[in-house]
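Structure record follows, encoded as structure tokens.
Chain nomenclature is as follows: A, B and C, assigned in order of appearance, with residue numbering initiated at 1 for each chain independently.
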Amino acid sequence: MDSPIPAVEIKNLVKDFKTSFRKQMLRAVDGVSIRIMPGEVYGLIGPNGSGKSTTMKALLGLVAPTAGQCAIFGKDSLKVDSRNDVGFLPENPYFYKHLSGAETLRFYGKLCGLKGKTLDARVSELLALVDLEGARDRRLGGYSKGMLQRIGLAQALVQEPRLVILDEPTAGVDPIGSRQIRDLILKLKEQGITVFLCSHLLEQVQEVCDHVGIIFRGRMVKEGKLDDLIAIEDQTEIVLKDASPELLSQITALIENSKGTTLIRTGKPRTTLERLFLRETTNREDQP
Amino acid sequence: MTAKTDHTTHGSHLGRILVIAFHAFTQLVRMKVFYFLAVFAVIAIASNFFDLPQHEGPEAEGINVLRSIKSWSLGTMTLFSVVLSIVATALLLPKDVEDRTLYTILAKPVPRIDYLAGKLLGVLLLVFVSLALMDVLMTGVLQIRSSMVLDQQLAMAHSLGWPPAAIESLRAETALHGPSWSLQGAVFAVFLRASIMASLALLISTFSSSTLFTTIISFLIYFIGHFQADARDAYLQAGQAGEGIFARMATLVISLVMPDFQNFNVIDAVIEGQAMPILILGKLTLIGLYYALFFTVASWFVFAEKEF
Amino acid sequence: MKTWQRNGILAVAVLLFGAARLPFEAGLSKELRDAGLTSLPMQIGTREKIGQTSSAVALGGLRTLVATFLNLRAFTFFQEQRWADVADTFDTIVDLAPRTRYYWETGSWHSAYNAASYFINDSKLPPLRRREAWRDSILRGRAFLERGIKNNPNDWSLLANLGFLLSDTNKISAFRSPEKTFAAAADAYTRSAATGKALPYVKRSALYSLARVTGEEKNALALARSLYAEQSNRTPTLTILLLVLEAFENPNLDTAARANELFKTPEKAYDALSGHWQRTRERFPVYGIAKGLEALEKTLNITAEKSIFTQPPPPQFDEDRWFSQ
């Protein structure tokens, strides 16, 4: 069987920027290589200024590499037709405020060559997907941040791309909106669409991505399957429900008797603040 | 909804350009600034319907008032169209960059030249529509006033007992100063001049990311362009007066770089009642097209390598 | 490709593009000037030119608008009687709007009529200087009008205005040779009529001037006859001049009888002839008038006291008197 074409192939990407007065170049990306296979959800994480956005822009042809190559499904990023297969949601996007949700999607759809009934159907489909049907005729100027991110995601999907690139998709969004976006990403994953995202919000990356790359000062310092990377190799977790104290003391005794194994901790696992928040703020019976 | 394995979305260049153009048009039209500008221009032209102080004074009688109406209207149109072309073009690109909407557009399969051509076309569409509306207004006012003037003059001629031949020639002369095809040609020439400025502003805005800078430089070039013909004449005839090499270089650079706006003074001739030959209008159109195409391609040359 | 290389290529492209379109634009400029649609740059200083063009650009690139404003300014100068400023302003105005008849006519009017009249009464200058100034204004007015005609060769009104100025006997002494001036007036009127757009009076005025040029009586008579053929042309002056020229051609003509024919009754004939006899100021020829008047006085039994020959002549055009105080 032929090996499938990688969705994203970045080979030894180097990008230098000129700083204003000094002759010295600033090396924003220093020999980064990333390969994302179709169907994966890849998270690129790193501190501010580590080169995440630059890498994404190089992949989209918004920035030309000083050295190295970028390709999307085998097509060179510097060529326009590589963008047939990709949808991009930039960080903090401001779409044209004077357009409504539906008009925005129609605009981008027409840019991709969609027209007529196909376009209309696609717009409705996308609005349903991102749960913005109620606001389809409202101007984007009146959208909340979460709604803007969702319409942004819809716009990225307008031409049914095989790859979606998301730059900080949940930045500044409240937990409810965040969850919605995360659910959408998972839905995309289910449909086999490759997702390449970068984020500061590590917990969310953890929930959604199956591959992760850590970039620091322009260099890739760690990369691989998420599960492999964060599993603490030498620890095991067992979570019990309705365990009686007798059972617990039996297990504790068992552990003490086996060689080489140490009991690290027992107690009640904590839920996350996020789950508490969501439980308290959505679908409450005492709300109007 | 599944991801297609082999997906090709082919739009046409023209299709994309038109989408961007129409979008730029609606974006500009909804900007309050241009709204006020347009209202002002319309008032300025419509005011010619009444007898205002600008119509009094030594020139007020007969066909002179028609000339006054024409020069005020065309002056308003010129000012409006040049300001609109420069400012609208100057703010389109920086706005997209600042708002980051540029990324979303360029991340789609949209060639950069389509983007530039679309923006320029949107501005030109706006200028064209505005001028057309102002033209309709001006022609209407002029038609009414010139028939008023004609009635006055015919009444006077009849009371003085002029022979029919003289009355005919009076009618013909007044008609010359009223609405005519040459006047429409003059309005089109105003449009052409504005188009040249718009495409120039596009080129400059690809260099600079500041709307203000682009606007100032464009106005400066507009101003100097009125002297280009003099510089050109000076260069072509120089050498006899023994001018310095510096003066020669300066006039050469001005001649080559600046557009010649003096040729558009033909608009003045039309206001004075001359006819504009269709050939001249054709040549001016060719010049306009030449500039627009060159500047768009040059803009693309700069913009294609620009990084965001 | 490095940025400076790209910019270099762009700069070269702009220059080449400029070089390519330069001949086309220069050609179009020439074409427009030849067609008279734009004007040849006048010999005014660079600074003035920049001032003009800046105002033009500021006013939406329209020179005609600048002309309008300058006209208002010139009007103010006129009201303040600042004649040099009026003349200068009009020079600029016609540079901006050379095809507008109104400006040429008004400019020359200010010079030849308003300024000239002013100098007749201006007590600030000594008499000799006043006379010189008066003369000078009239000559300038003529020159200005002639310039306007050069720019607008088919304009009947400018030509007619020139004819009017040159045949104005209040001003004729400003010119060196009255004969030549009347001839020039006739020529101007004739050219005006030749445009085909002139009003009917222009042809008649051509005759009035031609009749006052010695040596042209034959042509004048032919003209008078052709004009007289049309009923609408039979003004009193024309009729009388026809009579006078016929008397010149035929010294034996019975002027009184012909006058009766032309004017229908002896009373009307006598009125016409005596009116013409008194019209000394305008230097019309009077061949045969005296003879006719004598005969008509006999016919009408006009006494010696009431005879036209004993009436005091009308006041003379005495410019020496004007300029002697």
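The criterion applied here is as follows: a contact is a pair of C-beta atoms (placed from the backbone, for glycine too) under 8 Å apart; a residue touches a chain by one contact, two chains touch by 3 or more.
Note that the structure is a prediction, hence the values are computed from the model and not measured.
Chemist: Which chain is most remote from chain B in terms of Cα centres?
Modeler: The most remote chain is A.
Chemist: Can you name the chain whose C-alpha mean lies closest to the mean of all the C-alpha atoms?
Modeler: Closest chain centre to the overall C-alpha centroid: B.
Chemist: What whole-number Å value describes the gap between the mean CA coordinates of chain B and chain C?
Modeler: Centre separation, chain B to chain C: 41 Å.
Chemist: List the centre-to-centre spacing of chain A and chain B in whole Å, with centres computed as mean CA coordinates.
Modeler: So the centroids are 48 Å from each other.
Chemist: Taking the mean of the CA coordinates per chain, how far is chain A from chain C in Å?
Modeler: Computed from C-alpha means, the inter-chain centre distance equals 88 Å.
Chemist: Would you pick out the residues of chain B that each touch at least 2 other chains?
Modeler: 305, in rising order.
Chemist: Going by the contact rule set out above, which residues of chain A touch chain B in the complex?
Modeler: The touching residues are 57, 60-64, 80-81, 83-96, 98, 107-108, 110-115, 125, 129, 152, 155-156, 159-162, 165, 191-193.
Chemist: Please output the residues of chain B touching chain A within their complex, sorted ascending.
Modeler: 1-5, 7-12, 15-16, 19-20, 23, 26-27, 30, 99-101, 103-111, 305, 307-308
Chemist: With touch defined as at the start, can you tell me which chain C residues reach chain B in the complex?
Modeler: Residues 1, 6, 9-10, 13-15, 17-19, 21-22, 24-26, 28-29, 31-32, 35-38, 41, 49-50, 53-54, 56-57, 59-65, 68, 71-72, 75, 96-97, 99-100, 102, 106, 196-197, 199-200, 232.
Chemist: Please give the residue numbers of chain B that touch chain C in the complex, ascending.
Modeler: Its residues touching chain C are 57-59, 64, 67-68, 71-72, 74-79, 82, 162-163, 166, 169, 173, 193, 222-223, 226-227, 229-230, 232-233, 236, 255-257, 260-269, 271-274, 276-277, 280, 283-284, 286-287, 290, 294, 298, 301-302, 305.
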